[in-house]
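Each of the next two complexes has subunit A plus one more chain, namely subunit B in the first and subunit C in the second.
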Partner chain A sequence: MKSNSALSKLAIHALIILFIIFLLFPLLWVLASSLKSTQEIYSGSPTIFPQQISFDHYLSVINGQLIFRSMWNSVVVGVISTILVILIAVPSAYAMVRYKSIVNNGILGWILVSQIFPVILIMIPLYMVLRNIGLTDSLTGLTLIYVVWSLPFVLWMMHGYVKSIPFELEEAAVLDGATRSQVIFKVLMPLLLPAIGASALFSFISAWNEFFFALVLLKSPELGTLQVELARYTGMEGQARTGPLAAASIIATIPSMLLFIFMRKWLTTGLVSGALKG
Partner chain B sequence: MKRSTIIFFVVFVGVVLVYLFKGNNNNTEKLPLRFVSLAWQEAAIATNKSIVNEWNAIHPDLQVEYIQGTWNSAHDYLITAFETGDVPDIFHYESSVIIDYAMRGYLTDLSQYISTEMKNDILDVAWATVTRPNGEVTGIPFLIESLVVLYNKSLLEKEKIIPPTPEAPWTWDDLQATARKLTKDFNGDGVIDQYGVGMGLRNSANIIMNTSISFGGSFFRKSGNHFVVEVTDNEKKLLQTIINMLHNDKSVSPASIGETGAGMIPGFFSGRYAMLVGIGSWARQQLVENAPQNFRWGVMPPLKAKTQMYGASTQTLSVPKKSKRAKEAMFFIDFMLSYKNTARLALNDWMIPARKSCLAMPEFQDTLGGWDITCSVVSTLSAGSWIGAPGYVEWKSRVANPVLQELFAGRLSVDEAARRIEHESNIVLSRYKKYGEVW
Partner chain C sequence: MKLFKAKKQILYSKKELGQIQLLFPVIVLVTVFSLLPLLRGIYLGFTDYRLGDPISFNGIENYIQLFNDEYFWNSFKIGMIWTIVVTALQVGLGLVLALLLNNKIRFASIYTVLILLPWATPPIIRGILWRQMYDPNTGVVNILLTDAGIISAPINWLSSFEYVIPAVIVAGVWGEISKAAIFLLAGLQTISNDLYEASKIDGAKLWDQFRHITIPSLKPVLAAIISLTFMWNFNTFGIIWVLTQGGPGGLTRLPMLAAYEEGFRYGYIGYAAAIGNVMVIILSLVLFMYIRVQLRERKES
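Up next, the complex of A and B:
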C-alpha cells in the first residue's frame, strides 16, 4: 500500500513538473531569444540556451522605441481603470445582493448579454461618442473605455463573492451596535479583500493586455500603450524583429509578473471564495 | 477602512485624473500632417523618420508627425479611421488593399496632384496597380514587391549545378530536375536531410496568383462589368507542378506547407533547403544581416513557364478622402517619394524602387545583395488581372488561402481544389456584385 501511494505521489509530482515545464517553456524561449544575437536566432539549429549572451536587443529596445513611456501609459491606464472599476463594482454588487429587487435578475442577465458583443461592432459608435466629448487620443478616454469594458464582468464576480458572505454576520454586527458603514468597512471589507484583489487583478490584466481600443483611440505616438508598442516589432508576411520583440516582451512582462507575485494569495483565495455558496 | 486610507485614494485618483486631462489641451490651429508608416525594419524606420525630419526642418509651417503603424492591424485601424472621419493625412499600405478602399470611396483621387516628373518616372506596371479605369489614382506606388528564387551557392557548386542567368533562365522542369538532384538522404536512414526546395506555402495565395501569370493563368477574368474566377488548365498546371514536387518526388520540403517565407529562412541558412522559391525580395535583407559567416547565396532570374511574366503589387502612399489637407499631404508625398528618397526607402527595405531613375542608379545594379537580378525582373512584371476585383482581399483570405492549404496538405486533388475555388470564389464575388462596387 505504502509503495503504491509513494508511486502515485511520484507520478503526480512528475506530471506537475512536466506541466510547469510546458507552461514555462514559451517564456523561457522568449527569454533565451532576447539574449541571443540575431544570427543565433536565425540559426538553422536552434538551442534553448543562448550560446553567447548578448544584451543588444535590450539596448535596441531601450534606445530605439518608446517602451518605457508606453509602459508608464499602460500602468496609468491599468491602475486608474482598476481603481474605478472596484470603486463602482463593490457597492453595486453589495446593493444587488442585499437589496432584493425585481430588476436584479434582469441586470445580471444584461451583464452577461453585454459580454457577447464583439469589439469591432461597437468600436465605431464608441469612437463617435468619445470624439464628441473630446476624449479620443487621450488616456482618459481609454481609461473610461476600460472601466466600461471590465466593469460588467467584475460586477458579476463581486456579486458572487458578496453572495457567499453569510448575511448573519452583518446582522450580528448590527446587533452589537455597528452602523451601516461600520458593517461595510469593518465586517464586510476584510472578508471581501481577497475577492477585491482577484477582481482588481482581472481588471488590471484586461487593461494591460488590451490592444484594439488603444490602437484605434490613441493617435499620438507618445500616448501609445505597451501592447501597441509591442505590435510595432512585427512586420508583413509573418515576419518580426524577433530579438527586439522578445526583449520588449520580457520587459513588458515584468510589471504584471510582479503584480501576480504580490497578489497571488489574494487571487487564489478570491477565486475560490467566489465559488462557494453562502 | 481608515479615513486616511480613503483620503489617500481620493487624492491619488484626483492627481492622476488631472495628469490625464492635462495632456488634452492641444492647440488645434496648426496641427501637423499625420503620416502613418508601416515601415517595420530598423533601417527602414530610421530612413522614414529621417526623411520626415528633413521635411520638418525645411517646412516649419507644415510639420509632419510620424506615426508608426503595424501591418497586422493597419486594416482595422484604417477602416475605423475612415468611418469615423478621424483620419491620418497620409498613410502607407499596399496596392491590393487600397483598391478596396478606393471602391468604397475612402480615398482622394491623387491624379490631379501628380507632377509630370513623378508621372513619367514611375514605372507603368506600378501605376497599373493603383489606377482605376476612369483614371483615378488611389495611391502613389513607391516600392514593388516581387518574388525571387534564392539559392545556396555552396550546395549548388557541390553538385556542379550552374545557376541560371537572365539570358538563360530555368524552366519549372529545370527547377524540378535540379531540386530532385539536391534532395538528399545523407545517412540512408530513409529520412531526407536536405531538400532541393523550400517554399513558404502557409498563405500561398500571393505566390500562386503572381506565379500563375507565367503559366498563362490568372484565376480572375472579367465577364462584362464583373469579375469571375476560373481555374483553367494553366492554373492547374502550376498547382500540379508544386504538388508533384511536394508529394511525388518529395523535392519540396513538407515543412513548406505550414510555413511562411520568413519561416523558411533558418532552414535555408542551415542547408536544409538548397533553394527558396517564391519568396519576397525583402528576404535578402535577412540574408545579408543574419546569415552565418561564409554562407554564400545568390538570386535566380524568374522561372520560365509559358513566359517569364509574374504579377507584382506595390507599396503605396495614399491620402484619405476625409483628410482636409489633401493638397498639403500630396506636397509632402512629392518630397517623401522624390527619386532620391525612393532609392533610400527601397535600399533599406530591400525592395524594388518603383521609379525608373532609381533603377538606373548603380546601387540597384550591384551584384552584392543580388540587386542586379532582383531589379532586372522589372521588365517581366505585370499587374494581375485581379487588380480591381471587388472582394479580392476577402477572397484571398477566405477562399484561396484555405483551399490551397488543403490542396498542398494532400487533402484535395488539384481538380477538387479547382472546383472548390471556383464555387466558393463566385459566392464571395457575387456578394460584392450586389454592393455594386465597380473598379
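Up next, the complex of A and C:
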C-alpha cells in the first residue's frame, strides 16, 4: 500500500490532518476556555480563540486548597505505590526468568486470566478486607490497591525485559570473581534501568489516572485524589466553575501527556509481539 | 543445555531457597490480593450479602432476580450497544489512521505525537472536556452547529433522550482512536515490504493489496486489538460517570455503573457481584473467540 505520486501524498497529509483536528479540538477548546475570563466564557457567543488571555483560572486553581490538596494526594499515592511495585516486581521477574519452575507458569497464566474479570469483582472483596483492617477511606488502603492493581502488568513487562538479558553476562561476571550483589547492581541493574523506568512511569500514571477504586474507597473530602476531586467538582458546576475546571483539567493532563510522548516507543512492543507469538 | 544447568547449580547452590525468597512477595500478594479476592468475589455473586450483615449462600436466586430485572436488561442492552459501536468505530477509524501513517511521509513523528494526546488524557478529564464541549450555554458543539444553520436552538445533548447515546459514543470513540491506531500501526510495520513490491509487479491494485496482503498479515494483531478493546469498552466507567452519571433516566447506565450503584450506593453487594459474574461470562466468550482465531492462525502457518 505504498503510493508515491505527489497528489496521493497530499491527500494522505490532508486526511491525517483532518483526523488530528478532530483529535485535538476538544483539548484546544478547553485550553482556550481555561485562558478566557469568566465573562468571555458566558458571553453568549464565545469564540474559539480567547479574545484576551487571562491566567486567573490557573491562579485560582493553584490557590484553591481543594485541587492542590487532591493533587498532592495523587502524587503521594502514585509515588509510594510505584516504588513498592518496582521493589516487588524486579526481583520477582528475575527469579521467574532464572529459576524455571511450575510456579512461573501459574503466575503468568493467572496474570492473563485475571484480565477478564471486571474491577467490580476485585473491588468488592478487597473493600471487605480493607474494611476489616480499617483501611477504607484511607490513602494507605488505596496505595495497597494500586500496588496490587499494577503489579501483574509490571511483572509481565519486567519478565519480558529480564528474559532478553543473556545469562552468559552474569556467568562471566561470576567467573571474574564478582559477588552476588555485584552481579545484581553492577551487571543487571544498568541493563534493566530503562525497563524499570518505563515500568515505573506506567505504574505512576495508572495510579494518577485511576478513578473507580478511589471513588469507592475514599469518602472524606480531604482525602480525594485528583480524579475524584475533579469528578466531584464537575457535579456542582456553576457559572464560576467552567474556567477553573478547564484549568484544572489541563494541569491534570500534563503528567500523563509527558509520559506518553516520552514512552511512545514502548507503548506497543509488548502487545504486538505478544499477539504475533500468540 | 545440561552443561548450562550444571553451571547454574554451581553458581547459585541454594537455588530453591533463593527462588522462594525472591518469589515470596509475589506469591503472597497475588494470592492474597488477586486470586483469593476474585474467587471470593465470584462466590459473593451467589449470596445475598449486604455490607455488615452475615453472608448467606442463596444459589442462583440473584440470577433469577437479574433475569426479571428490567434495569439490568436495559443496562446490558446499552452496555452491548456502547461496546460494539465504540469498538467498531475505534478499530475502524484507527485502522484508517494507521494505514495513512504507514506511508513514508514527512512529519510522521510529529503526527504520531499529536495523535497520542487524547489517549494520554485521563478518562475523567475526557469526560470533563466533552461535558464542556456539549454544554448547552457555552459549549462549542452548539455554537458550531447553530452557526452552520444545522440546528436552530441549542440542544442539551447530555440530558436529551434522543441525543445522549450518540453524544457519549462520540466522546468515547474520541479518546480511544489513538490507542487502536498506534497498536495497528505497529502491526502494519511488521509486514514485509517485499510482499507489496512483489504484488505490484504482478499488477495488483491498492485494494487488492489491502485485501490479500494487509488484512491477512494483520489478522493476529487485529484479533488482539478487537478483543482487548471490546473488554476495555465493556468495563467503561469513569468517562460516563462524569458525562451523565448513567442518565438521563438510566439511558447510559453501563453495566459497571449498574454494578457500582447496586453495590456501593445501595449496599447490595451480593447482587453487584452477580452482575460482575454475568460480565465475566460475556468477556470469557470474547476471550474464547480470540483464542480460537489465534489457534486457527497457528495451524494454518
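As a convention for this text, the second predicted complex is superposed on the first by the 197 of 278 C-alpha atoms of A that agree within 3 Å, B and C clash if a C-alpha of one lies under 4 Å from a C-alpha of the other, contacts with A are read in each partner's own complex, and residues count from 1 in each chain.
We take it that contacts are C-beta pairs under 8 Å (C-beta built on N, C-alpha and C of every residue); 3 or more make two chains touch, one makes a residue touch a chain.
Owing to the predicted nature of the structure, the values given are computational and were not obtained by experimental measurement.
Trainee: Contacts for A:Arg241 in the overlay, against subunit B (first) and subunit C (second): which applies, first, second, both or neither?
Mentor: first
Trainee: Would you check which partner chain A:Ser45 touches, where first means subunit B only, second means subunit C only, and both and neither mean what they say?
Mentor: So A:Ser45 meets both subunit B and subunit C here.
Trainee: For A:Ala231, is the partner it touches subunit B (first), subunit C (second), both, or none of the two (neither)?
Mentor: A:Ala231: touches subunit B and subunit C.
Trainee: Report for A:Tyr58: first if it touches subunit B alone, second if subunit C alone, otherwise both or neither.
Mentor: neither
Trainee: Looking at the overlay, what does A:Val30 touch: subunit B (first), subunit C (second), both, or neither?
Mentor: After superposition on chain A, A:Val30 lies in contact with subunit C alone.
Trainee: In the superposed arrangement, does A:Ile120 touch subunit B (first), subunit C (second), both or neither?
Mentor: In the superposition, A:Ile120 touches subunit B and subunit C alike.
Trainee: Could you say whether A:Val216 touches subunit B, subunit C, both of them, or neither, answering first, second, both or neither?
Mentor: Both partners, subunit B and subunit C.
Trainee: So in the superposed three-chain picture, is A:Thr140 touching just subunit B, just subunit C, both, or none of them (first/second/both/neither)?
Mentor: Touch status of A:Thr140: first partner only.
Trainee: Can A:Ala95 be said to touch subunit B (first), subunit C (second), both, or neither?
Mentor: In the superposition, A:Ala95 touches subunit C alone.
Trainee: Tell me which partner touches more residues of subunit A in the superposed arrangement, subunit B or subunit C.
Mentor: Here the partner covering more residues of subunit A is C.
Trainee: What residues on subunit A does subunit C touch that subunit B touches too?
Mentor: The overlap between the subunit B and subunit C interfaces on subunit A comprises residues 41-42, 45-46, 120, 124, 128, 211-212, 215-216, 231, 234-235, 237.
Trainee: What part of subunit B is in contact with subunit A in the complex they form?
Mentor: Going by the criterion above, the answer is residues 1, 9, 12-13, 16-17, 19-21, 23-24, 34, 38, 40-42, 65-68, 70-73, 76-77, 80-81, 83-84, 86, 88, 200, 202-203, 260-263, 265-272, 280, 282, 286, 289-292.
Trainee: Touching residues of subunit A toward subunit B in the complex: what are they?
Mentor: 38-39, 41-46, 60, 64, 76, 79-80, 83-84, 120, 123-124, 127-128, 131, 134-136, 138-140, 143, 185, 189, 211-212, 215-216, 219-221, 223, 231-239, 241, 244
Trainee: Which residues of subunit A touch subunit C in the complex?
Mentor: Against subunit C, subunit A makes touches at 1-3, 9, 12-13, 15-16, 19-20, 22-24, 26-27, 29-30, 33, 41-42, 45-46, 48, 88-89, 91-92, 94-96, 98-99, 101, 103, 107, 110, 114-122, 124-126, 128-129, 144, 147-148, 151-152, 155, 167, 170-171, 174, 180, 208-209, 211-212, 215-216, 227, 230-231, 234-235, 237, 242, 245-246, 249, 252-253, 256-257, 259-261, 264, 267-269, 271-272, 274-276, 278.
Trainee: Okay, in this complex, where on subunit C does subunit A touch?
Mentor: So the residues of subunit C touching subunit A come out as 4, 7-8, 11-12, 15, 18-19, 22-23, 25-27, 29-30, 33-38, 40-42, 44-45, 93, 96-97, 99-105, 107, 111-125, 127-133, 135, 137-138, 140, 143, 174, 177-178, 182-183, 185-187, 190, 193, 196, 206, 209-210, 213-214, 220-221, 223-225, 228, 231, 234-235, 237-238, 241-242, 245, 255-256, 259-260, 263-264, 269, 272-273, 275-277, 279-280, 283-284, 286-287, 294-295, 297-298.
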